[in-house]
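Report on the structure given below.
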Amino acid sequence: MTETRYTVQRSTKLSRFGAIAGIILLAVLIAGPWWLDRASMRLFVEIFYFLALAQMWNLLAGYGGLVSVGQQAFVGLGGYLLFILAVHLGIGPLWTVPLAGIIGGIISLPVAFLVFRLRGHYFAIGTWVVAEVFLLSFAQVKSLGGGSGMSLPISVIKEISESRSGRDQAVYWMALAVVVVIVAGVYWLLRSRHGLALTSIRDSEEASRSLGVDNFRTKLMVYIAAAVGTSAIGALIYMTKLRITPGAAFDINWTTTVIFIVVIGGIGTIEGPIIGTIIFFLLREPLSDFGSWYLMLLGAIAVVIMLKAPQGLWGLIAERYDLRFFPVQRRVFFKDSPD
Amino acid sequence: MIEWANTIINGVLTGGLYAMFAAGLAIIFGVMRLVNIAHGDLIVLSAFVAMVVIETLGMNPFFSLLFVLPIMFVIGYALQRGILNYTLSDDLLPPLLVTFGISIILQNLLLEIFSADAQRLKAGEVETMSIELAKGLEIGVFPLIVFIVAVAMIWLVQMLFTGTKIGRAFRATSDDANTAQLMGINHKQIFALSMALSLVLVGIAGVFLGVRSNFDPSLGPSRLLFAFEAVIIGGLGSIWGTLAGGVILAVAQNIGAKIDPGWQILAGHVAFLVVLVFRPNGLFPRTRDD
Amino acid sequence: MSLLDVKNLDAFYGDFQALFGIDFNLNDGETVAIIGANGAGKSTFLRALTGLVSSTSENLAYQSNSIAGKAAADIVGLGLAMVPEGRRLFPSLSVEENLQMGAYLGRPGSWTLERIYELFPALKQRKDVPGTALSGGEQQMTAIGRALMSNPNVLLFDELSLGLAPMIIKGIYASLPAIKQDGVSLIVVEQDINQALQVADRVYCFQEGRVSLTGAPGELTREQIAGAYFGH
């Protein structure tokens, strides 16, 4: 057998271009408070946190193969942690975001112990049941407002910043930081050994197991990572909403929206949720006034995409033009191949 | 003491309704490994269909079944043949997401057509009649009817699966769709028929739900969770297990409600999670590698 | 009379091409064996014939009618039955129910439950046992019986003796004459070359997705077969 030499190529021309464009975009966004008006800043905050949520769900489902319909458990948990930590424990509100992430990650361990006993579709619904348990449990806690929820006291709000514009800025930068950390974190994870393990599990559980990949530990890691991210985002979300109720915090709509975003954009890619978030907001602004018809349209689009283009819009584009902005793939080039 | 007996017996009867919710779900998972997220919404849909039939033709809810069941059969067949058959593969995302999308569409469609108002199907006196078994121990006649119908339904489904040619075809297709094709079985049609059967059961459940309690377009997801919990508690692959699962779930809910009304649903979820911890395959599983 | 006519058949698993330009035919009353190493494409060919694997060809005809692109369930209805590799009994069904499954289409013919039990007496005692609780040989008998219940004109055996003890294999092959007596034509995919040569009227040898040799067993030399089997 002739000795084969190969190289593993990780970045593409587009990704290098994309990296430069990304840095420019980031600089523009950081400067946001100086060129965006108040309403636009709030919209961007929403875009940031939906994108972050979508990346987390995509990490779980698209890469980890764990389809969860219960991530709203951690959104609500993060939201309530904001109130518990800032109101009852006097911790600075901005600090609660990373803290909520950590605590959410810890709580996700016993949850994982429960839900990992289920597989596939049943896992999905099991995560939903857990979210409902969170909802009903928090609704019983009187010191957090019980079923009617509570508002963030002015004293705590002022801790973020004395002035309103100061608060807008702080929340904006916090949201931007969260989404950048999350997207960077996902990108880093997928480029690492763990990412390789994840893709191999996604492609074939049996094959990866035979190669020594610990499927259970890898999946557990992904589940905890997603819980950390989602809980942190939850705290951020309720810092913008200033008022929490169990029904809203643990609403399945968090997951429905995120699923829509990821499916339309392209599951299993980092670019997909970005595209999906943009499309979601492009649709929402003009159409949300139509209430149920708008939601029916979203549902119909999701069904059609799943049937006709399950790899999503980015999947279609990437396949057609062989593009990758975030190079997480590894391509092996054999020295003697006629490529 | 007698109060607890009341709680438990009424829980058992409610379990019949939950078993009705669950039976349709269990069948399609058995045959196709598909979990229909829109299952609960389809139960609500059939309650609305019954409502329209009753208002248009001015009949009793029980007679409305004569119309509701064929309608649900056709909807199930068309849904599977037209959409869901295209989602079936080893990947569990497409059917899950498609049925999720359908669930959203259904809920909002019903909302647009019927508004968010709570509805009820009127069955007359039978709704409130009760039998006194002993001093202080009363059971509702209607819940008893529901329970009996549920048992009959499950018994018939079991007979269908074990004693008929189509039932064997269901089981064979569920075991190995490829080899089933080698027997001349048109697996696409089998899937469609099993979904149609599932929706017939959903239709029955919907009508009885509509008589038993108020319903509105948003009720679907919670019914799906009850159905799902009943199936898991009972054990995958066992249709009689879903009866046991429904009963255990309802009894747990009733006990929870007795302790504190706000704990009713939560108690059910907790019972489900407890079963999940100690018996992940359910209480009466049929050995199956999924 | 030519029962099966295949000309220039290619078969694919996704992007991967498994069969290249296969020419094949089966005449009425014949027993044809297909031999070849693992991965040569023998099973793929049977699956392409029965419609389980998609293929393209110049001609794929059964009794002079094209079956190209037909669904597996339809092809079975025309009289082609297969005993799949690994038996593939239905685990949720008992032996008798598995046999009944074979008669799903109700094709007319002489094979009934009684005749199957006559052919394979061991099955009669085990008729209510679930498919999974049988020995390898019993499973193979049930799988053959199941295929026979559809009263086929052509019976395909995918890896007939794979995983079975020599005594069992002898018994299975001993049942073939009774099947052939009915006028059933057979295609047998077999790893055991000797068995294949003993029972076949003609032999095809597959190698890496292509037909490397064909002829009657009497005409072919050991060297020819070895060369066609292993390639160069």
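Remarks
Per-chain numbering from 1; labels A, B and C assigned in written order.
Assume a residue touches a chain if its C-beta (ideal position, glycine included) is under 8 Å from a C-beta of that chain, and two chains touch if they have at least 3 such contacts.
Small disclaimer: the values here were computed from a predicted structure and weren't measured.
Chain centroids computed from C-alpha atoms place B closest to the centre of all protein C-alpha atoms shown. A centroid comparison over C-alpha atoms places A as the chain most distant from subunit C. Chain centres here are Cα means. That of subunit B falls 43 Å from that of subunit C.
Note on chain placement: the centre of subunit A and the centre of subunit C lie 52 Å apart, centres being C-alpha means. Rounded to whole angstrom units, the spacing between the C-alpha centres of subunit A and subunit B is 33.
Residue positions of subunit C touching 2 or more other chains: there are none.
Touching subunit B in their complex are the following residues of subunit A: 61, 67, 69, 114, 117-122, 124-126, 128-130, 132-133, 136-137, 139-140, 147, 252, 256, 259, 263, 267, 292-293, 295-296, 298-300, 302-303, 306-307, 310. On subunit B, the positions that touch subunit C within their shared complex are 165, 168-169, 171-172, 174-176, 178-187.
Subunit C contributes residues 50-52, 71-73, 76-77, 81-82, 84, 88, 90-93, 97, 100-102, 104-105, 146-147, 150 to its touches with subunit B in the complex.
Taken in their complex, subunit B has these residues touching subunit A: 29, 33-35, 37, 83, 86-87, 92-98, 100-105, 108-109, 111-112, 221, 224-225, 228-229, 232, 262-263, 265-266, 269-270, 272-273, 276-277, 280, 290.
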